[in-house]
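Chain nomenclature is as follows: A, B, C and D, assigned in order of appearance, with residue numbering initiated at 1 for each chain independently.
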Amino acid sequence: MTVRFGLLGAGRIGKVHAKAVSGDANAKLVAVADAFPAAAEAISAAYGCEVRTIEAIEAAKDIDAVVICTPTDTHADLIERFSRAGKAVFCEKPIDLDAARVKACIKVVEETKGKLMVGFNRRFDPHFMAVKKAIDEGRIGTVEMVTITSRDPGAPPVDYIKRSGGIFRDMTIHDFDMARFLLGEEPVAVTATAAVLVDKAIGEAGDYDSVSVILQTASGKQAIISNSRRATYGYDQRIEIHGSKGLVSAENQRPFSIEVANGDGYTRPPLHDFFMTRYTEAYANEIASFIAAIEKGATITPSGADGLAALKLADAALQSVKEGRLVKID
Amino acid sequence: MTVRFGLLGAGRIGKVHAKAVSGDANAKLVAVADAFPAAAEAISAAYGCEVRTIEAIEAAKDIDAVVICTPTDTHADLIERFSRAGKAVFCEKPIDLDAARVKACIKVVEETKGKLMVGFNRRFDPHFMAVKKAIDEGRIGTVEMVTITSRDPGAPPVDYIKRSGGIFRDMTIHDFDMARFLLGEEPVAVTATAAVLVDKAIGEAGDYDSVSVILQTASGKQAIISNSRRATYGYDQRIEIHGSKGLVSAENQRPFSIEVANGDGYTRPPLHDFFMTRYTEAYANEIASFIAAIEKGATITPSGADGLAALKLADAALQSVKEGRLVKID
Amino acid sequence: MTVRFGLLGAGRIGKVHAKAVSGDANAKLVAVADAFPAAAEAISAAYGCEVRTIEAIEAAKDIDAVVICTPTDTHADLIERFSRAGKAVFCEKPIDLDAARVKACIKVVEETKGKLMVGFNRRFDPHFMAVKKAIDEGRIGTVEMVTITSRDPGAPPVDYIKRSGGIFRDMTIHDFDMARFLLGEEPVAVTATAAVLVDKAIGEAGDYDSVSVILQTASGKQAIISNSRRATYGYDQRIEIHGSKGLVSAENQRPFSIEVANGDGYTRPPLHDFFMTRYTEAYANEIASFIAAIEKGATITPSGADGLAALKLADAALQSVKEGRLVKID
Amino acid sequence: MTVRFGLLGAGRIGKVHAKAVSGDANAKLVAVADAFPAAAEAISAAYGCEVRTIEAIEAAKDIDAVVICTPTDTHADLIERFSRAGKAVFCEKPIDLDAARVKACIKVVEETKGKLMVGFNRRFDPHFMAVKKAIDEGRIGTVEMVTITSRDPGAPPVDYIKRSGGIFRDMTIHDFDMARFLLGEEPVAVTATAAVLVDKAIGEAGDYDSVSVILQTASGKQAIISNSRRATYGYDQRIEIHGSKGLVSAENQRPFSIEVANGDGYTRPPLHDFFMTRYTEAYANEIASFIAAIEKGATITPSGADGLAALKLADAALQSVKEGRLVKID
């Protein structure tokens, strides 16, 4: 079976998914839609697919699944529309910045027996997958303490930050998902601190740029998250899990594994400086997983419920900062 | 000038300091006292010093300084007695488990113009010293986020734990001191989570074995501490400081730097399995620093005030766990 | 300009190049030929190219370049035929196992003003390219000593070995090319030792499985090569260059960068176990370089002369082993 | 039993041994002799031993063993004198630069049933000992290929080089000993190249500064040695052993295990810059081993025969360079 795709949104991340779909032996990119014709035409030219309207893709009989890469505020509506249209849906995170809206959207997906995958791409990074596999194989015993370090090479524009929902919902949300993925048990309490250390303009926009979070599960497992909107040495993405029998960790990735030694010491190059080069393989694996789940009729993860759970942790973290207390998750 | 020493307490850590003092060209171990004559005799035989009573050392004219390695509940009293006797005092941490008692003791030291050094040995580890030096030289710009991972190979006996003041005052206290040392600014708020994941008996004794802590300073700098009473791979002691211009970290230490590769992968040996082999150089540097400060009449650090500050953070962390909220430091 | 390709040989390495050519925006795979129709059909089906005979490709007006992946003993003939036919030629190493035949072939290429690239893929590995760049930028000063470690996970079948020209011409030849690439000066003398340590059958076939080589240039620069047909820990491929101002090295590559720690120590996974997964990027870069050189009319390297130079070093190494002496290169 | 020591030679290395002997619970430094009274007095003052003449130490009844740290050209004579005097002898390498003289000296040691240890200190480095232990435990199967990299931070003065016997007898000799130690089988053939790349004055003094050596044993095991009199990044001392079941290696050592990351990359400090700080533990372990062997009446290694074997390899390497051929060891 070949899964036939429509792509909604032909921007930066849309191109990544267009390439992944086109390069997958079990999928075909049939059509692309974008508010900017030139963007859609470029994808069309590169991968030989048609340019269509969203409505046409919605109604198309030659399309089985869509990839939603449009602006965040359109995600929930499009998920609902395409679920009703009987298409499997892959949607970039987040479903919405408002938890109530996310819940309503998930309800529609359930009612329509829709298939929805949310784009937490990091679960598909080969190194993080190997970490998860090591845990699942029992190599570190019972998971006890998770440590996630996630730092961006630089802050996004303040205009973006204003629309982003804030650092917890925009950036830390990936780490909340990763923590849930690795803990193997739902966090029931969140405590967090936050500050503006990188750029005052971020604070003036009502957001933070440097945050620390602790999650705790009912049995006492703990996850620590450290985030910064700054990292001079590249895109810092590390996870470490301490268990009853051992420790497993994933190292940072760099484009070139060389080392130069001289009187100043031994120097390895900086890390990847961009999430798209860092997570190239993750994006490809992610779409391949979506395609495989559709083909096999298998359960799709990360699901809408995963998207909601991560968002709730983000909301709780923000509340913890505002109120100076541990916030329980209902 | 040779600094002439009396050693109070000839147990495990007393032996370490006896060796350090004896091996220091600027110091001489003159006398040792211990409630168990055999222990004192062993030190006497090994290093050629006299066995005396505490009272005799207190009154001795041939002793300039003492090293207090007796049980915790005697520390404050002995610090006061020997400060009054005009001896410089090096005391193993903690001064006392009760902050009020520590304050009173520090007051006596001040009134007597005494010299007091508290045994936060990790400040003298050559690798951590190199980290501090890198910060002080401006190599990472302004400190923003400190991450301290500190895990013991195994839990101490429950009997010890009952008398220890709990994990925050016994174990995390080293990390509180290290965080203060590295942040360069006092923490003003503490939030913590704690659980019993390693040994139920620890929970039954009213303590925790797995804790996570966030400290925050007035300017928003944050320090994260992760502690466990278990680590199958050895004595895990890492620090990492993220700043505006870069990152500096100290790696774990192992007795043998070899690697064996085969079909199972590339394996380096476990870490040191004991704090005394891990911190051999730190203990020697610590006493050397004490001796040098006495010789030069220099300010002694870590001081009694450092001991008190770390204890307050420990108290606040415990309160944060009990009350489920961020606790401000007065 | 789009470079239009014919592929000669649809085996394992042919598939790699078919994928690389098809995925390159500046190239098109037009036709494939193979003695086994099924192999050619498979490439045709996967990449939408025609199946043709070698003769048809030779005569084709819609083909600018060929990739030769046929058996070694056909290489020289095909290079000559396609050079005469005015096609640019990429040929897998070696041109031939006999230096005289290689010389004759290169002469034909020159006479026909042909374009020939020899498939020393390792020059295009991103990590080794980064090493070369560091040298070229002067980061280690003048190159003095090169060390190349190259070990295969396991020996090829003895039948293959019998036809391979022996370890120096089959395996070490990659390292001879890499040494030339890195030394920046031609080796003028070779000394080598060789033994059968892995598999007696290899010795019975007249070959060796464990060899050590030293190359020396006129100015005294030295390169050491260590080869084994066995490595339990994966495909071991390291280079290190020591210069007047410093050292640069490329680390081994593994598919998963994780580490598991427990009582046995800290273990990272084995290396890649296959040259095609290890050098995936190198193969793609290599063809991209060939295409770019054709487009720009630029000089192509590694050239036929590079292929000949490496073969001469292999011949000299074997002679050194047989005669127990340093062998000079003419 | 306490082994009572006389120290012959109070220079740089004499001081190291004086400290090691004095700090050893089973040994006592009784006397020191040196042609320069001030040097001997300094040792006497620091460790409380007597200053005596060599003759007095030779005749002394209160001395069981001597440590010879005098100039190289006195070693063989002193070994013979003190063996005849019934003292156990530890002598810094080399016994002599002339193999015939060494043989004669060893003969005297045998005739007098003397005990002689030659100072190949690297065998006692804890990391290299751990490598040897891994081999002896069978963790890498049968040893096949040994790689030793040994580079000095800088060249010694040309005056020293003129008296040193040349790089093979002065510097590489440590690696010859290490290769023999690790191969577990005697090398029977040597081939080497040598050049002057660091300092022309070294060449004018008749020596080389950059050499590469291959040793081979009767069964075909090979050891590669790479030496340079220059290393901008510190004292480079690595060993790696490839066996039938795996690989074991010892990493370089640096005084501070920290890493600083910024836009230039991840930088660890340079290595130790001096053999005495790099091999501090090795020197202490070496003398402890000598003392333990005397106490237990055990066989002493490395022995005079080990010293001779390494020297023969050095002579053979030089001959190989001069004659451009593989040199067989008788």
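Note that a contact is a pair of C-beta atoms (placed from the backbone, for glycine too) under 8 Å apart; a residue touches a chain by one contact, two chains touch by 3 or more.
Fair warning: this is a prediction, and the values are worked out from it, not measured in the lab.
A.B. asks: Where centres are the averaged C-alpha coordinates, which chain has the largest centre distance to chain C?
C.D. replies: B
A.B. asks: Is the number of contacting C-beta pairs greater for A-C or for B-C?
C.D. replies: Ranking A-C and B-C by C-beta contacts puts A-C first.
A.B. asks: Can you compute the centre-to-centre distance for chain B and chain C, using the mean CA position of each chain? Integer Å is fine.
C.D. replies: 57
A.B. asks: What whole-number Å value describes the gap between the mean CA coordinates of chain A and chain C?
C.D. replies: Centre separation, chain A to chain C: 40 Å.
A.B. asks: Hey, what residues on chain D touch two or more of the other chains?
C.D. replies: Residues 232-233, 245-247, 261-263, 269.
A.B. asks: Help me check something: in the complex, which residues belonging to chain A touch chain D?
C.D. replies: 232-233, 261-270
A.B. asks: Can you tell me which positions in chain B touch chain A when the two form their complex?
C.D. replies: 142, 144-145, 147, 149, 151, 189, 191-193, 195-198, 210-212, 214, 216, 219-222, 224, 226, 228, 230-233, 236, 242, 244-247, 324-326
A.B. asks: Looking at the complex, which residues from chain A come into contact with chain C?
C.D. replies: 23, 126-127, 130-131, 134, 139-140, 245-251, 253, 255-263, 269
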